[in-house]
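I have a structure I would like to understand better, so I am pasting it below and will then ask my questions one at a time.
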Amino acid sequence: MKLPDKSSSIEAAIAQIKDGATVMVGGFGVPGTPFTLIQALVRHGARDLTVIKNDANEPDMGIDHLLQSGQVSRLITTHLGLNANAIRLMNAGEITVEFNAQGILAERIRAGGAGLGGILSDIGIGTELAEGKQVVAFDGKNLLVEPALRADVALVHAARADTFGNLAYVATAQNFNPLMAMAADCVIAEAEQLLHLGALAANDIHTPGVFVDHVAALGALSKEYAVVRR
Amino acid sequence: MVARAARELKPGMVVNLGIGLPTRVVNHLPADFPVCLHTENGLTGIGPTLSAEQADRNLIDAGGAYVSTVPGSAFFDSATSFALVRSGRLDLTMLGAFEVGANGDLANWKIPGKFSPGVGGGIELAQKARRVVVLTTHTDRAGNPKLKDRCSLPLTAKGCVARIFTDMAVIDVGQGGFTLVETAHEVSPSEVADATGAPLNIPETTLPRF
Amino acid sequence: MVARAARELKPGMVVNLGIGLPTRVVNHLPADFPVCLHTENGLTGIGPTLSAEQADRNLIDAGGAYVSTVPGSAFFDSATSFALVRSGRLDLTMLGAFEVGANGDLANWKIPGKFSPGVGGGIELAQKARRVVVLTTHTDRAGNPKLKDRCSLPLTAKGCVARIFTDMAVIDVGQGGFTLVETAHEVSPSEVADATGAPLNIPETTLPRF
Amino acid sequence: MKLPDKSSSIEAAIAQIKDGATVMVGGFGVPGTPFTLIQALVRHGARDLTVIKNDANEPDMGIDHLLQSGQVSRLITTHLGLNANAIRLMNAGEITVEFNAQGILAERIRAGGAGLGGILSDIGIGTELAEGKQVVAFDGKNLLVEPALRADVALVHAARADTFGNLAYVATAQNFNPLMAMAADCVIAEAEQLLHLGALAANDIHTPGVFVDHVAALGALSKEYAVVRR
């Protein structure tokens, strides 16, 4: 037996994304954002997307390109503070935005990846974030039902990958990537290094390749990946 | 029967082989067959079983056998291991059975008053693998059918079994109950029907033999 | 004020410092002070902030500043990062505030109609850290008190704030509302009380100054 | 700033365990079982324990010593198949046993470690494992409430650790250890190698030390850790 090969071109992988799809996108700020996959999705042009991402990057970076091209109708996120363009679109009603507490967004995605229906949490009770949420009385406490989130497609960025789709991240580029890499029907990974089977130590793999559908090698990194000079 | 069951594995699949007979299916696969074997204690990419002399004390499968890795194997914790199962990444599991119902119900973990060691990981494999097939002897040691109209033992999962491989036959389980697909050499369809505790649909065409 | 707040960190603590003023607390700690700094984007063991020339493009804190590691730092995903917060492993967080209520309520994420970028990780820090202290100017830019009987803005978390550090004073928040603990040099207790939008308990003893 | 030192002797760490405590114990079969911590708990003698562990090891191994010494009144587990002694004690009513589906036990422990109230799952619906469980109707489906599990103490085994308590596991000795290492008020780790700060690569740490209270170095490994010859 040998493990199947899932290496793919970026264009072929992204071409599967349909209008109306729900798309998870990794990253927290610059680190871990799959800038190259996002640019390919802009070129591909699928519309009416629901995007799930921690943040909206910054103007003219990352998913801001998808916002500017009008491909996004709904955004499930935690914080838009660095992207005034996203806030403007939200305030103008051109995109619908659902805000989650950051760790709850992480857990909802993880629950989707773990095949659970949801989680029970007390986060946000007594604040407007709890409004409208289903409440379950359990063991004398009221807990909020936080539904699992899954997506049609997840776009993730890894530092290193092998051809089976095993992924390893570095530093704070990990963030939402390992969670989203479990939580979509089609998981597409871009990797700075795409290596042969066995090149990643079995103990140091962050995302087992079994969760990944397509893995694509990045060439030279675009300037979006670079250190931001403010 | 094990060799026949091995043909159930298709290229590219992620597969979990239950303890016992199913584990032996790997011996019938070509060396370069593209498949990913999963064991629920935290490994994708199971390599050959090792003797005690060759074994790594930290590397077992869920049945306790000392196994090895292949290029590209990954280790992970028990939560991730079942996340994979429950979220639909397991294409196929092969399990043993005490009883299979004509409605696809599976009972393979408990015999009240006699055997109740706990359900382990079987319930999630049976309920969540995309395809569940059973490998079992056609009858129990006393000669009673294991394939029944309805299971009498506590269920592992409802309506989960798609196909059964026994020493006598290959049988599909669907809307219409049990349907004979293949028979073992030297076994006739009517012999299979006699050893089955529920109606068995027998196609009028000549069935393959294995 | 920042130097005074730094004394809130005790040896062995796990601490999350919010964006802005709280981040500057680290500049007032001795080099060998035994503490673990956490940032919610996935790092325990934050080292010094780096310039753009020295920066690792993959290594930032939750505020986007380029930081570094220390011996023993660990990276992890966002689920683990907030698992740590929610399960009680965060001893202390220092946050900014728009308003603090005399009942300990905190509002620091939204001004309806003006500012609503999303709650980020603040709600879990405020609700689940074992001790929540606030660093803020005593009044807003228009001179209105930030310490009020009740918050008027949407809450981040209820009854979470234990202590407030401002440019004028250190104030504890407890059953009896606000209690003055220390004052800044050249600031009198009555000046603090005047700038506070709720009753301020002033002990009869001489208070320390910072 | 430097990270605090949590290195400890095994005896001092185990001495904190009180009668009536709930104790999680890592391991799945031999790999990952903290045999040395278990032996110290036998010597310490705390009684009326609730033990949470995937399995009961085998006769005269691991937690079977705690069962034989009568220190365990309740066992939350998934499978006792390799320990006839545990099954005998269960059938004789000398210990109470709660069986969980294996992945659900893992998720309940993880939920405890993640500060959640519980998870919602459809595992076991239609079987006797669902009996008596609270049901929540959500999004047109019935889901079972699986309460989070936390313990007073967790005993875990790591291959390598540093003095802050960062842990790394090898091979299938990972199993329940990283989950339990997040889910107890007092987490005690035994490590085959206890290394200086910085010896573990920050990207390859499985359990961040922030979750760990005490870490103890193992000397020569006892025969319980060895390959079992059947």
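Odds and ends about this structure:
Note that the chains take the letters A, B, C and D in the order they are written out, and that residue 1 is the start of every chain.
FYI, contacts are C-beta pairs under 8 Å (C-beta built on N, C-alpha and C of every residue); 3 or more make two chains touch, one makes a residue touch a chain.
What you are looking at is a predicted structure, and each value in this text was computed from that prediction instead of being measured.
Shared contact partners of chain C and chain D are A. Farthest from chain B, judged by the mean position of CA atoms in each chain, is C. Distance between chain centres (mean CA atoms), chain A to chain C: 29 Å. Computed centre separation for the pair chain A/chain B is 35 angstrom, with centres defined by C-alpha atoms. If you average the CA atoms of chain B and of chain C, the two centres end up 56 Å from each other. In chain D, the positions touching at least two other chains are 107, 114, 116, 121-122, 169-171, 202-203. Along chain C, residues 75-76, 79, 82-83, 85-86, 128 each make contact with two or more other chains. Inter-chain contacts, as defined above, occur between A-B, A-C, A-D, B-D, C-D.
Contact residues on chain D toward chain B in their complex (touch as defined above): 28-32, 54, 77-82, 87, 97, 99-107, 109-110, 121-124, 126-129, 159, 169-179, 206, 225-230. Residues 39-43, 52, 55-62, 64, 66, 75-79, 81-83, 85-86, 116-121, 123-124, 127-128, 154-158 of chain C are the ones that touch chain A when the two sit in their complex. Contact residues of chain D toward chain A in the complex are 107, 111, 114, 116-122, 134, 136, 138-139, 141, 143, 145, 147, 168-171, 202-204.
By the touch criterion given at the top, residues 11-12, 14, 26, 29, 31-38, 44-45, 69-76, 79-80, 82-89, 128 of chain B touch chain A in their complex. Residues 1-5, 112-116, 150, 162-164, 166, 182-183, 185, 196-198, 200, 202-203, 205, 208-211 of chain A are the ones touching chain B in the complex.
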